[in-house]
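Below: the structure, in structure tokens.
Going in written order, the chains are labelled A, B, C and D, and every chain counts its residues from 1.
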Amino acid sequence: MNRARLEAFSDGVFAVAITLLAFNLAVGGPGAHHPTLAAQLAGHWPAFAAYTISFATIGIIWVNHHALLRNFAEIDRALLFANLLLLFFVVAIPFTTTTIAAYLRAGGGSASLAAALYQGVFEGMAVSFTLLFWWAIRRDHLQVPLTPGQARQATIRFGIGNLGYIIGIGIAFISPPASLALSGLVAVYYIFEQTPARAQRPPGHGGPATTTAASDPAPAEQ
Amino acid sequence: MNRARLEAFSDGVFAVAITLLAFNLAVGGPGAHHPTLAAQLAGHWPAFAAYTISFATIGIIWVNHHALLRNFAEIDRALLFANLLLLFFVVAIPFTTTTIAAYLRAGGGSASLAAALYQGVFEGMAVSFTLLFWWAIRRDHLQVPLTPGQARQATIRFGIGNLGYIIGIGIAFISPPASLALSGLVAVYYIFEQTPARAQRPPGHGGPATTTAASDPAPAEQ
Amino acid sequence: MNRARLEAFSDGVFAVAITLLAFNLAVGGPGAHHPTLAAQLAGHWPAFAAYTISFATIGIIWVNHHALLRNFAEIDRALLFANLLLLFFVVAIPFTTTTIAAYLRAGGGSASLAAALYQGVFEGMAVSFTLLFWWAIRRDHLQVPLTPGQARQATIRFGIGNLGYIIGIGIAFISPPASLALSGLVAVYYIFEQTPARAQRPPGHGGPATTTAASDPAPAEQ
Amino acid sequence: MNRARLEAFSDGVFAVAITLLAFNLAVGGPGAHHPTLAAQLAGHWPAFAAYTISFATIGIIWVNHHALLRNFAEIDRALLFANLLLLFFVVAIPFTTTTIAAYLRAGGGSASLAAALYQGVFEGMAVSFTLLFWWAIRRDHLQVPLTPGQARQATIRFGIGNLGYIIGIGIAFISPPASLALSGLVAVYYIFEQTPARAQRPPGHGGPATTTAASDPAPAEQ
């Protein structure tokens, strides 16, 4: 199994899933039984919030997926199925996004369940990604091995994401909107959190291949 | 026809089909005429079961498709159309998945027909894949020819999958849920069944290119 | 503009369009106001026929698109927009397929219009493809130029497809099912029609690169 | 991050978004409560107009995206997220296209809002593209640097697009159909507007790599 086709298939799934998110935004047509477009859009705010957060989350996982796979020396059958597990959760995101958009304002147990489901699928995705990562470093499948410091850094980053989603599942049963907001904060954290790891890399480590961000072996932070 | 574009197009179809599966999961919005989200999700279990089984089945056929094409020395027009026949069935999977999800709990003749259709499309996919494989070994289109033992192994594996789906069509008319469960078992079989074939490969066969799973010429097991 | 990305984008559009065709197949769920699944599927036959014909037609145009682009020496902005015109019609095929599936059995002017629209989009696709082809040979953009005999052959093939779809538009106003059947015949014609052109190729023409079907410069038959 | 995978993912998103546009075209089935197909299609003209304009706009941005990325020497994390911002707006286009198609004939505030939203998402896409472009030339990330004249040309072109969409947002509140027509004019402008920039390029600039349009470093006009 060459890496190119694994990436092509994964990219296809990421691209379709991220584009289908916007289906969620559809409003009803004009008519006697529908309010004005402005009223519909205003009432539709959970759909826009969930669309934005899900888009950012899939975008980030795609960036990290790419960074991780670039550093793989070898791709075996176990990794293919671990990757399919990751995609299994990615594909479910448009569903959980639609569900939280529909139920967030309904309140009660349904809103909590929708929010917990939304966070739960993100958590499944994060756990799958952690599996991919640990499997790679345990089996020495990386082209450029991580230093112990980098592995610790990466573990801390994974932990923060996983912890964030688990806390989010808990908060879902107290305040579904707060749970949604937390998943947005996790996305923002991952967008900005990478500079420290790069700054800590000892100069010259790994030779010329590491002089650009493109070949950084450690950005697998989620 | 170069292999890269055949793979890219096939990967695109696999990726879209696997992502569309989740459309099947959509539940109704909140409202007086809908039960709570928890009740809807619980009543929706055939959709989740069918989604999981279809996802695994498309994922496996993608892994095997990749392994088979890697070993093709030449791609001619007949192979292109055999590949289109395979994709014809892959594209139909979201339809049969939605149909079994909708009808499994309805019982009666409709549930049986839905389950038979679900298995029938898997069988069409398995037969197309077998055609691709036999056409390749008959016409000497493989880069690394199979040993007679490997060809026999592959034939047994194809046979088990094909037999499983045909039995599944029969069981559909007795118990649709058992038929669905059987297609799940076939998927599990294909996830774990590959080690024997690799163990049987004579050491050194095919030179250094066969020292990793990535260049194994025989994983075309479905 | 390198060819790889033009192919990747086009393949993506072909793959999504061909996969969306199956959305057309969805049947209603079980319920008091719906007939049995068997009755629904039987009444749904135009959807299955149209799905099969559209799938074959997009598959063929993809095969031919690939063959044509392989032989392009240079890709300029005019060609990019000619290609977008082709994709404009490809993207419309799921829409015309759904429409003919819905209206074929309704009869009357609506069925005729649906059939004419279905053939009309195929004709638009065929004309765009002819444009791509003529533009390439007029501007000397082919890597391996066609012999006059090959150009004549290709023109005859284009003519048959274009003529078939135009006749189909006319027949749509007499018998919509006959019009649908004709578009199926055109697809079958293109699946089997290529051997003569290959047999006529003078031996040795074009050097070693033409010894496999993969580098045949003339399969751009639609 | 290598450019190939960034392009593959972006192409996937462009391809899915452009193909989903046609979902917008679906008409109701035959039945007592629906008019004839001809009447439905005639009443549906805003959907066809919006489909055509959105298709052309996504097609153009894809052509320009490709041209810009080809000239990037290096891809860092900031660029990845700027690209995700661009795709965020691209993915929203099927939604705004459906919305303007549904509301254009409704008139009143809803039609104006739908038209403003339609232009607003195009403007968001144009601003993101401008960001990508400026970030690249400020940080010296281009393989072939632009001459001051080329940078000025590109800035003028960006300005015309951005201005066109902003005017379109304003016109939306006076005449939604005129606003839609303006976005069509902007698309036509970008299809034909590139020759001047190419003519101004000093002969020999950039070496042999610039002798074909394929390696033109300056077509990033939107």
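Just so it is clear, a contact is a pair of C-beta atoms (placed from the backbone, for glycine too) under 8 Å apart; a residue touches a chain by one contact, two chains touch by 3 or more.
Values in this document were obtained by computation on a predicted structure and should not be read as measured data.
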item	value
Mutual neighbours - chains that touch chain B and chain D alike	A, C
Same vs different contact residues, chain B with chain C, by half of numbers used	different
Whole-Å gap between the CA centroids of chain A and chain C	38
Distance between the centres, which are taken as Cα means, of chain D and chain C, whole angstrom	27
Shared-contact residues (touching 2 or more other chains) in chain A	8, 11-12, 15-16, 20
Complex interface listing, chain C residues touching chain B	7-8, 11-12, 14-16, 18-23, 25-27, 29-30, 36-38, 41, 52, 55-56, 59, 62-63, 66-67, 70, 191, 194, 212-214, 219
Chain D - residues contacting chain A, complex	1-2, 5, 8-9, 11-13, 15-17, 20, 74-77, 80-81, 84, 87-88, 91-92, 94-95, 98-99, 102-103, 106, 108-110, 113-114
